[in-house]
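Here chain A shows up in two complexes: once beside chain B, once beside chain C.
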Partner chain A sequence: MSTLQRPAAPTRRSPVSWVRRGGLSTLLFMLPLLVIFGVFSWKPIVEAVVMSLQKTNLVSPAAFVGLDNYVRVLSDPQLGQAVLNTVYFALLALLFGYPVPLVVAVLMSEVKRMRGLYSALAYLPVVVPPVVAVLLWKVFYNADPNGPFNTVLSWVGIPPQPWLQSAASAMPSLVLEATWAGAGGTIIIYLAALTAVNPDLYDAAEIDGAGIWKKVRHVTLPQLRPVLLITFILQIIGTAQVFLEPFLFTNGGPANSTTTVLLLIYRYAFQNSLGGNYGAATALSVLLAVFLAGFSLLYFRLTRSWSSE
Partner chain B sequence: MKSPSKAAAIVAVGLMSAGLLSACTADTASDDGKVKISVASLIPGTEQAAFDAFDARVAEFEEANPDIDVEPVEYEWKATTFTAQLAGGTLPDVFRIPLTDGRTLIANGQLADITSQVEALPYFDQFNPSVLETAQDDAGSVFGIPREAYAIGLHYNRQLFEEAGLDPDAPPTTWDEVRSAAKAIAEKTGQAGYMQMTQSNTGGWQTTAATVSRGGRMQEGQGADVTVTLDNEGTREALEFLKELRWTDNSMGSNFLYDWGTINQAFAAGQIGMYTSGSDIFTSLTRENNLDPAIYGLTAIPISDSPDAAILGGGTLNVVSAKATDEQKDAAVKWIDFYDVAKLVDEEAAVADAKILAEQDQAVGTPALPILDQETFDASREWIADYVNVPQDQVSYFAEGNEGRTIVGEPAAKTQELYAALDSVVQAVLTDENADIDALLARADADVQALVDAG
Partner chain C sequence: MTTTIDFPGAPLAPPGETTADGAPGGDPGLGRRAGRRPRRGGAGQASDRGIVSLADWRKPSIRRTTRAIHATLLVLLVVAGLGPLLWLLKASITPTQDTLRTPMAIFPNGVDWQNLVTAWTTIHIDVQFMNTVIVAAGAWAVQLIVATTGGFALSVLRPRYGRIVYGLVLATLFVPAVVLLVPLYLTILNPPLIGTSLLNTYWAVWLPAGASAFNVVLVKRFFDNLPGEIFEAARMDGAGSFRLFWSVVLPMSRPILGVVSVFAIIAAWKDYLWPMLVLTLPAIQPLSVRLPALQQTIELDVYLAALAISTVIPIALFVVFQRLFLRSAGLGGAIKG
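And then the complex of A and B:
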């Protein structure tokens, strides 16, 4: 289809020549995509921006209130904590979630036997439905001394941990599960990227006397750099929108220690059974989207020279 | 769109959405000319026998009303999902809401006016006026029918009491006794002696119950003139009580994030010795959580010496979707009358209902408060005496303990937000040994007052 879209040499533009060169069929082929993308992606985005300027409960008619929703959201005492919690989650996720898949992928690429088995094992958590995984981990995280994780810890003499039941350990517990659940996908991406590394480079490095660490440091990492940059920004965007774990594990508790920005948005919309504050919810969503778009742009600008090296 | 499979997927999505859209079109009348109504049935996850009992009632109703087609829809009222269903228009035609939500939903135009249908009911004058009021607007029009009313009670596990060397036939009557019983249970059995709900606004709900029992109130004044009083002495005492149990006695176990459903689950599984909740949860405990009735005990919530000390009441209304046609409203009120109210006023209906429930091994005789006058309530209990299967000797302490006590309603202004603010206060007290109760309450108070003032 990409061949259909490519225009012929621009000599004379008339409707007839446009149709003759396949413009109409191009448009026809594109139409379903445009309609679907427009209706299911762009229309909701535009509607969300409009709704962020309205007071509505989606039943009675909406009224425009200007920037009131934005003022309300920005002056909410919970916003600060939600942002801090989200940043904390993102940092922890970077700390655990970013290097672990890379290390596993590099190790797996070194393994010669039963590679398929290891790949399958690494990818398995991704196949488990997220809700099932969270409920399963909720059982593991039982803070009772007889809970599964605490039992394992007791074998090595570590006292029972409160896991989700304490403001200090709740967030790291969520990140641990999120890393387990998400690592498989990233590992597969790294493995694919690793196969693209020219083996000659390793041979050359070996001849120069490089050990495994030097090979990773000077061959693997530079070769993976573009992929690493992309997975980094994807991870930041993903963690900024974290919802599933805090919602299902703790519902933002204990004492709001795991209330993230997205959970706050959800609460604006749905906490009050009498018709939520959809205006405030969309206003905060728009703010988050604008921030992430700005962050991505800045990130790509800063790393452009680096990734094209 | 580079691969054929992607194109196929998009076409499939398009077809599916077209299918969904066509499925969404309104369908108020069946092909055979019957009036069709969807009605809230039971909570998802309820055991099959209860659904069978429900279906039996539907069949009975349809036989008596051949022009009405009833479609049962599984339903559970939850603050979070309810809003989405309300906004998305996916609620059944007949559904249930808490008494506290009636007035606002009426003001928002989200409920159908069923005044003429309800006034035609023969027992209309018998409704407990303070309960019916929650379903009326200022002009007196009626938008709902009271379904059930309850008071908060103290539920306890008789088996854990015995294992801890306590007498299950002498349940605690003061908060001090609750504390020492909880300590004994925790020490002897290793389970949580006492626990309270903390999540999804239920933490605030139960803290309100504990506050009221100590003579405190969460709000003063009415209408536009409401003052939030979260930092009252009763709430402070209630939280200090939890703090003592949690950090001094260590008698509350090790899991502190519970909502209505999960605490029921934990209680039925024998992990909790005592907790407070609505007096009518026995039905749900046996239906959804497979509770062994032999271990169940219910007593009155302890109240302090304060002259304002009372028990918190609550309840649910049956309401009809604002989108219902006149025929559907008629059918809806007929259904509500048949399924929920007739059994309270008509001996034949009461016996028929109790018989079906008892045959399917469902709870009959759960402690509740009257939604009609007391006399009618007592009579209705007598009619079904033969079918009562809730062990009355195990729950009699509830009625005995509550004799002569005052029942107060839930806080009226911004109820769910108030409860939500208290959720995190309770969670902080239970998970942080150094939680500053005064500071937490002062902040929650200011936050909720700001919401009330904002209207």
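And then the complex of A and C:
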């Protein structure tokens, strides 16, 4: 694309003056974006909504079925379980993954020497390809008493855990790995925000007699609030779409205890020997998108008053 | 308001929020970090002061506590960040029985270098490795072309329809990636105009990667912050749009091209679900897609060696380009203001 010279030939669609003023070369520069976004982003988004109202499986021609797909998806007995599992994953991820990066970042921001080493170590798990991370942790989670994690637990006298093998501990195990894999990115974002805190604010707090803890509470955390609010909602949006961990660790098991909404969408579309139920899959993904959009709107409305103080 | 989440470590706030958070002007310029508190350096540099003041630092008790906390933190980071990877490295050259019986022992029965050789040659991790490089290189090229030409047209050439196009690009940020999954898959099966399925070709991964609104926003905003006088001067000297793009704008854009490149290559290296759907032949699959399938069929020690090999390149890239990585990762925060 980039080797194309500015052509001088007028086109039928447009007057010569438009080309003279560079209209055509502008359009040429815009073309890659228009084509790629058109075909691989804008068109599929529209199609998603259309398909959710159709019965399509590539075998028979598409037919409009109104809201049938939505009815089918909402009455699927698996949906309730999948929603509960996804919410459970999101809550656990908040519990594990939200405070840890914040504490680590605040502590790290005070490190004077070898800060680069700290950041690099914290970020290292993010660089590991997620698939490799999951497969590696699957080995760690070996439920045998000789499994890596169980061996470490035995050093401190804790009996072997079933990890992925039991419905009760499977989800927390998934979240633990996801937190390990993701915390580094959040830490770096917080660190960037922390270096942007105006040091005058700390000086001012000290003049008012604030100790270290008070400075953290009344200067650092309020200054981080905008970033904290955004990472919170982004984490919710991200965890609502969790797929890799439940798919590769447990494939939804044991006893459907890790079937998430995205796993359900995947199964509708791609794990059906009779041809995918694309209508149901898109209907559920549209529902998820609408829910997330609504949730985010509500969240920003509720938090606007706090963040613009 | 929702955002697609396929950008590792760098979530993007809608641009409207930038100013809403109180950052004056909402200037996310890369050259001068967020333009908000220009007195500070980048995230990696030590600041002149932080929470602990010099006066605090002079007290021995505080100094000791701080040092102890930092030492503990370093140990924890080494254990959590480096530990699993060191274990993988160790396990990749340990016989299967040792890894199964005494996973935490260090080479109880010697080292087995053969694992790495077997994984590379017999299991043909070398093929998957090259495939991964091809996937990443193509996705990188497509993303760079779309983002730079599009960003240039939107920011510098500014046609009348530019605002609409940019609005539509921004709108895609609010659509979760999962909505696109099925229709995009069907687009690959039956693409417009081409008439033949793109399934099991690399185009199926390369082309959709280009539709990254995040890249376009980053590049456009960077171009917006370039000094306009230079464009005027180049125009005066008779440079056309193409000259302006190639000889003026691109050479000035190295920092942002580096950031976009890091994002593009990492994303391509990490992606799983999409390449798994569209690259179904093992011979053309990248590592991330092939590894889960290998799990059942090969012996544990060779499998762990394959995992270790798959981790080497991203880690090596990270060690070499550490600054660029961390700056890119912090950018998500900078954009949020």
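Everything that follows uses one rule, which is that the second predicted complex is superposed on the first by the 267 of 309 C-alpha atoms of A that agree within 3 Å, B and C clash if a C-alpha of one lies under 4 Å from a C-alpha of the other, contacts with A are read in each partner's own complex, and residues count from 1 in each chain.
Methods note: a contact is a pair of C-beta atoms (placed from the backbone, for glycine too) under 8 Å apart; a residue touches a chain by one contact, two chains touch by 3 or more.
Small disclaimer: the values here were computed from a predicted structure and weren't measured.
**Student:** Output check: A:Ile207 vs chain B and chain C. Expected answer is one of first, second, both, neither. What do you get?
**Tutor:** A:Ile207: touches no partner chain.
**Student:** Would you sort A:Pro32 into first (chain B), second (chain C), both or neither based on which partner it touches?
**Tutor:** both
**Student:** Would you sort A:Leu302 into first (chain B), second (chain C), both or neither based on which partner it touches?
**Tutor:** Neither partner.
**Student:** Does chain B (first) or chain C (second) touch A:Ser166, or do both, or does neither?
**Tutor:** first
**Student:** Just to be sure I read the superposition right, which of the two partners does A:Leu58 touch: chain B = first, chain C = second, or both, or neither?
**Tutor:** Touch status of A:Leu58: both partners.
**Student:** May I ask you to decide whether A:Val131 touches chain B, chain C, both, or neither, giving the answer as first, second, both or neither?
**Tutor:** A:Val131 contacts chain C only, not chain B.
**Student:** Contacts for A:Trp42 in the overlay, against chain B (first) and chain C (second): which applies, first, second, both or neither?
**Tutor:** The answer is second: A:Trp42 touches chain C but not chain B.
**Student:** By residue count, which of the two partners contacts chain A more extensively, chain B or chain C?
**Tutor:** Of chain B and chain C, the partner in contact with more residues of chain A is C.
**Student:** Could you look at A:Leu292 and tell me whether it touches chain B, chain C, both or neither (first, second, both, neither)?
**Tutor:** second
**Student:** Figure out whether A:Val156 sits in contact with chain B (first) or chain C (second), or with both, or with neither.
**Tutor:** neither
**Student:** Overlap the chain B and chain C contact sets on chain A and report the shared residues.
**Tutor:** 1-2, 29, 32-33, 36, 58, 142, 144, 147, 266, 269-270, 276, 278
**Student:** Mind pulling up the chain B residues that touch chain A in the complex?
**Tutor:** Residues of chain B touching chain A: 1-2, 10-11, 13-14, 77, 79-84, 86-88, 97-98, 101, 104-105, 108-110, 198-201, 253-257, 259, 322, 416-417, 420, 423-425, 427-428, 430-432, 435, 443, 447.
**Student:** Which part of chain A faces chain B closely enough to touch in the complex?
**Tutor:** Residues 1-2, 29, 32-33, 36, 57-60, 77, 142-145, 147, 160, 162, 164-167, 250-256, 266-267, 269-276, 278.
**Student:** Which residues of chain A touch chain C in their complex?
**Tutor:** 1-2, 4-6, 22-23, 25-27, 29-34, 36-37, 39-45, 47-48, 51, 58, 104, 106-113, 115-132, 135-137, 139-140, 142, 144, 146-148, 151-152, 180, 184-186, 188-196, 198-199, 202-203, 206, 212, 215-216, 219-220, 226-227, 230-231, 234, 237-238, 240-241, 243-244, 247-248, 262, 265-266, 269-270, 276, 278, 281-282, 285-286, 288-289, 292-293, 296-297, 300, 304, 307-308
**Student:** Looking at the complex, which residues from chain C come into contact with chain A?
**Tutor:** Chain C reaches chain A through residues 1-3, 5, 8-11, 13, 17, 20-22, 33-34, 36-37, 40-53, 55-56, 62, 66, 69-70, 73-74, 77-78, 80-82, 84-85, 87-88, 91, 100-104, 142, 145-146, 149-150, 152-154, 157, 159, 162, 165, 168-169, 172, 174-187, 189, 191-192, 207-208, 210-211, 213, 216, 240-242, 245-246, 266, 269-270, 272-273, 277, 287-289, 291-292, 295, 300, 304, 307, 310-311, 314-315, 317-319, 322, 325-326, 329-334, 336-337.
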